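I have a structure here, written as structure tokens, and I will follow up with some questions on it.
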Amino acid sequence: MPAWSGILERYSAVRRLTERLCEPLEVEDHVAQPMDDVSPPRWHLGHVTWFFETFVLTPHVPDYAPYHPHYSFLFNSYYNLVGERTDRPRRGTLTRPTVREVLQYRTEIDRRVQELVSDCDDAMLAKLGPVLEIGVNHEQQHQELLLADIKNILFQAPLYPGYLPGAELTVGQSAPASGYSGFEGGLTGFGHAGDGFAYDNEGPRHEQKLPPFRLANGLVTNAEFLEFINDGGYARPELWLSDGWDIVQRLGWQAPLYWLRRDSTWISHTLYGLREVDGGEPVVHVSYYEADAFARWAGRRLPTEFEWEHASVMTDAMSRKSTLLEDRRLHPTMGGHGGDGPRRMIGEVWEWTGSAYLPYPGFRAPKGAIGEYNGKFMVNQMVLRGGSVATPGDSIRPTYRNFWHPDKRWQFAGVRLAEDA
Amino acid sequence: MPAWSGILERYSAVRRLTERLCEPLEVEDHVAQPMDDVSPPRWHLGHVTWFFETFVLTPHVPDYAPYHPHYSFLFNSYYNLVGERTDRPRRGTLTRPTVREVLQYRTEIDRRVQELVSDCDDAMLAKLGPVLEIGVNHEQQHQELLLADIKNILFQAPLYPGYLPGAELTVGQSAPASGYSGFEGGLTGFGHAGDGFAYDNEGPRHEQKLPPFRLANGLVTNAEFLEFINDGGYARPELWLSDGWDIVQRLGWQAPLYWLRRDSTWISHTLYGLREVDGGEPVVHVSYYEADAFARWAGRRLPTEFEWEHASVMTDAMSRKSTLLEDRRLHPTMGGHGGDGPRRMIGEVWEWTGSAYLPYPGFRAPKGAIGEYNGKFMVNQMVLRGGSVATPGDSIRPTYRNFWHPDKRWQFAGVRLAEDA
Amino acid sequence: MPAWSGILERYSAVRRLTERLCEPLEVEDHVAQPMDDVSPPRWHLGHVTWFFETFVLTPHVPDYAPYHPHYSFLFNSYYNLVGERTDRPRRGTLTRPTVREVLQYRTEIDRRVQELVSDCDDAMLAKLGPVLEIGVNHEQQHQELLLADIKNILFQAPLYPGYLPGAELTVGQSAPASGYSGFEGGLTGFGHAGDGFAYDNEGPRHEQKLPPFRLANGLVTNAEFLEFINDGGYARPELWLSDGWDIVQRLGWQAPLYWLRRDSTWISHTLYGLREVDGGEPVVHVSYYEADAFARWAGRRLPTEFEWEHASVMTDAMSRKSTLLEDRRLHPTMGGHGGDGPRRMIGEVWEWTGSAYLPYPGFRAPKGAIGEYNGKFMVNQMVLRGGSVATPGDSIRPTYRNFWHPDKRWQFAGVRLAEDA
Amino acid sequence: MPAWSGILERYSAVRRLTERLCEPLEVEDHVAQPMDDVSPPRWHLGHVTWFFETFVLTPHVPDYAPYHPHYSFLFNSYYNLVGERTDRPRRGTLTRPTVREVLQYRTEIDRRVQELVSDCDDAMLAKLGPVLEIGVNHEQQHQELLLADIKNILFQAPLYPGYLPGAELTVGQSAPASGYSGFEGGLTGFGHAGDGFAYDNEGPRHEQKLPPFRLANGLVTNAEFLEFINDGGYARPELWLSDGWDIVQRLGWQAPLYWLRRDSTWISHTLYGLREVDGGEPVVHVSYYEADAFARWAGRRLPTEFEWEHASVMTDAMSRKSTLLEDRRLHPTMGGHGGDGPRRMIGEVWEWTGSAYLPYPGFRAPKGAIGEYNGKFMVNQMVLRGGSVATPGDSIRPTYRNFWHPDKRWQFAGVRLAEDA
């Protein structure tokens, strides 16, 4: 079954990467949950493993006995069809199983998955392949979450330790990209089609009519965002969506997440520890509300997800991957560089679009628990496109639809502007 | 200025209707705010009047002195640019000004508006006309809110008084519409264009490509919704959007708002008091989450706002208005009737669509405080189309975009299904 | 039955006074509940009436049919043994029965109570008398609550209407009392004994050993409390009990309730509308936490309830009643006046003591629902002694134990200091 | 200075015991905070050390440089006068300093304290001695908290691991004590006097008049408490204080904390893992509300703290210490045994009294930050007397006043009944 011939290698590589991401952590860092959105790393390590146990081993290994009678309860996330689960906000109150025990769980499940897959015939492989493929992609999504969560866990006043304290951040020296590129639009195809893996929410491929538009070549920089702040951006209700303004007032937002004012300068907490905010770098850790308010202040708007996809395809910008998770440059530093057209559409920050996360025409969620995967989130969230420094490079595509509630800021999300032609 | 020649008559008629809507109330009913979404009728009466004082009188009457120094604070709603305002959830804690004083405020503002408009020249009328037009439409929106809020205020255990206790509800006798009508779709124009009044959010008119689809001829009935309930609809997570399921569990929803179980039958609170739930009537007071879950259970989906608009235009269904607010049949009873094509697309319930409330391509909010009107709500809300028994008949159009957060149920909102062709 | 011969006259007088207290209100004022502690006046009017219906009429009128099937649910307060009741924080969401209907309810219950009592024989009167006596005292307690609640209801920014707008407040001109009086203490009797009415919590009479102490002749004045404020009293944690400091920070307290800063002066909301804070008047609307912090700042302490009772008995200070509720001087103005010994121990403000509200030795709650009256509150509350401008004069005694949670401020409560001899 | 000659030995012994208490824990167990009342063991380890650094080293070592610039912020608890501190409910979100780093902190502070004390002259020792004594007693209080918090941290569904998994619980075999002992009372002295250490709140010694009373010889057992449960104790409002009943309903209490219903039997989470509830053992982990409701149900009452102290002195019951913390029998098993008089008044459970935690007559808090120690908690809390299996044996006295808010259940608290003679 050639289609799945490399699946075990890919499985192993992804599983190892997850563990490597946790290696710089102290045991203590695996336990905390500073806010409801964050999961303790211990939980991530167990949850992605539970996925393989539940959807690969349990249905396909004859008389499979669960590794532990309670792990399903502890490591299920939102799969309502697979039974009860720990309340999300209570994940940080659990201290057992320990990190060591979770790593043993990983080892054993890996052993059994490899055994199952190595020994199976083509018919079985044709069944297992797609589930493994989803599981691997699922784990890659959690790798990005893991980094965002680790960053939040380490954001503890007054210590603000770095994740990679000894590491040096390589900073790109080229000037930020400027200007806009025009696109003619027209009746255009969108969404995924073809052989490679894609999530259900990327299809069906379909046509939309796109009016002509212009897309910024570079990402919004910290320097530009500081202008917005200094112009009273966080204090002017006319710049904000109503729901966003409520949150600005309720939570007292005055800058992106992780920015701290020290005397007259802004510094920010990064995975490299505290650093002065660098005006040439792309702004990151902003919510949709902030992205939208900034765009309104700038007299522009956010692109739709279709404009974004169209531009990325037309310019082949997505192919210029270079600095994703695998490279371990864990802070966005380059908003673009010389040359024509939109730049850095991948590898720096996820880019908020003005599109609500909704099904494409003809979308049907697959049956069963894996079908809970994407469709059930199709309300109240906005689409982000691209991919960040924390995104595994081989998990991403021009049609990939990331999505978050508009108030979330702990992900590596930034802003690219657009305007009507 | 012929365009505005009838504006004063229309102004007067709408203003009178608002007051008539409050006449059946006790003074006490004007004060309460049983939940944050509801405003006390006293507040509605004042707020729509404040709108005319602020946007018509203040800028255009020389040396205009406010009617009362504090009414702007008390009756502003969300117009951040026009100054401070009472916190929305605190509206029900205020008891002054009294109903009598608010009615005096209305009378005086009406007198001054009429004086201003009667005496003005064409140039001034050309300025005043559009603001009056918005003000009148704004007040019509509040007429519908008023009825929804009154219904909620009267929903007080254990009394459940009716709004029109002596009145008889005329119930249509024809059988519910059944079946679906097909539409071919294609590249089609949407949104408002032309002379009549429309809100900014109804334009610009633009083209979208619409795949072929089928739309239900009738609204979902109480009988059908009861099947969903009896089939465990409120207890099966796989039928629900994730955010919806959270709310179902947190609030313990088991039926539409206003439904009460008495022994083995369902009754519901209406503006005519408690009535047994009539299976032939359209279901009403459901959230988007419930509409969406019902559709999934039925193997169908909600229409997009574009499918809905296209169908209503193609079938001229919107022109068959008959029983809106002016007729005072204040409960939806007819989900459709004989004949071909979708029926009762107006005058029963607002119909949830699967479209998020977002700007149309090229949309720009007008400058200034009136520009806060619609654009600032373009996130986290879903579009409803149609018009309900509580909607003023001359305030509605096929392009009208109503919108609510997906958890709201106190509006007269129901369900029409669609499916891919 | 001579003991009860005047009970009907007293019943009628108290019932009429309650209604007179509501006469200055607008209908609207009867509906609102600006905070959980406050009950709408409509509710008070009904609740005290429900007490007579439930404990007088229902058990003693043969085949008594309830006045209204739902009033028990609506007007029960905390009598758990008498069935379900409206959630306290939801009282302000109800608009029916209307004020007019509640007044009709009062009239009818009064008629039936009078009929029952007029016609009954001595044996029945001996049964009814004690219940009527409790009911009358209960209604007098609600009269004071009513005034405190009305004051809070009228405290609505930005209007702050007065309760008696036309009325003039007569202000005493004598200088505040100063100095302390010494008491030798010793083994002393406390609590109620004898014939007159007293609540169960005032007994049994018992002995306590009282060390010698000194009690302030006057109440703490606004001028003194301003010194505390100006000395940073609300910003110095070492002056506060830990639970109090938490609340100061959480609620941002900076002055007594109803004080408002306008430029450089303090004004306060009173039942006579906004007035400048008068330094010579006793401070009022402070919590136990504030009373205690003030005392600590002043190098003094609060008296125990036994010190207070002892001093009031020794000086006969309680007999000098003059300006209670019946006199309608509805704002404390005199903290004391010339002469020796503690002054104004009644008729201005309730005085916080340092005693927790606990049972006296040998206390037993009476059986049955009326037994829920006082004993069930004997935890987490502090005793206040005295009586305020809002206290009915004939409802009060030196042994009367009022009690509130230590964070409550909307009652007419103030401070008298003490110190060890 | 003979008085302090053994202080260093005592210091060392107590410090070592704290560390031994944490030895059975996993690193992960040191981080979690399952509810606001609980502190992570890491925090306890650091906080008690910070106490010595702040009150012993900083003022007495010339030019003392803090061990770490941020530890004061991280390990301060409620000492408002000593600067800012981490919000209590956020303690569980911190992961650094690690356990290893906190243990290093302990080692270094211990070294410097020993150096300071070993080298000092008598004058200095006279200054250091009392502070060390308080610090040692403070750490002993935290040893008991530590065990209560560890028990709560391990109470994590569905695993419920034991703290000492291999250990066997030695269960006493003698029958529970029964019956009551009478005491004549009279004018009696209370509180601490003399040379040994006592907290400020245990004095001044003073006289109170005590009516005759009877005190139960034994603690309330699980079997007795089960009768209360089976008699509907948690569903009968007339048995409860009003504030208690609110909590029973809000939190859904149906049994003591840590009791779990499995089919028809009750089991409970202990430091030895899950065990079946043993009817002969004393009930533990009940709130004041439950203790008080049980007493009312039983037709008895709780003793006052004075009755309790008097009885313990008269019977010398406190001297029969045997099984406190040092013995590591970490679960109460014996409610009393043969012989006359009250038994086991120490070493099983803290015993709720009916006394509010208030200052004794003449109490004055000492000046300065250590003066924040006890006085600031003198409101809203009830006194407990005795000492539990988790109390260090040499930290306890008949005059010791423990105190908790009446809703707290995670401490080792139980019930002894009393009645009027």
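The first chain written gets the first letter, and so on, giving A, B, C and D; residue counts start at 1 in each chain.
We adopt the following convention: a residue touches a chain if its C-beta (ideal position, glycine included) is under 8 Å from a C-beta of that chain, and two chains touch if they have at least 3 such contacts.
Everything quoted here is computed from the prediction, not taken from an experiment.
Hopping across touching chains, the smallest step count from chain A to chain C is 2. Ranked by separation of Cα centres from chain D, the top chain is B. For the pair chain A and chain D, the distance between C-alpha centroids works out to 47 Å.
The mean-CA centres of chain B and chain D are about 59 angstrom from one another, to the nearest whole unit.
Distance from the chain A centre to the chain B centre is 37 Å, each centre being the mean of its Cα atoms. Shown for chain B are the residues that touch two or more other chains, of which there are none. A complete list of chain pairs in contact reads A-B, A-D, B-C, C-D.
Within the complex formed with chain D, the residues of chain C that make contact are 78, 80-81, 187, 206-209, 211, 237-238, 240-245, 288-289, 292, 354-356, 358-359, 361-362, 372, 376-380, 382, 406, 420.
On the side of chain A, the complex with chain D involves touching residues 26-34, 42, 70, 73-74, 86, 90, 92-99, 153-154, 156-159, 161.
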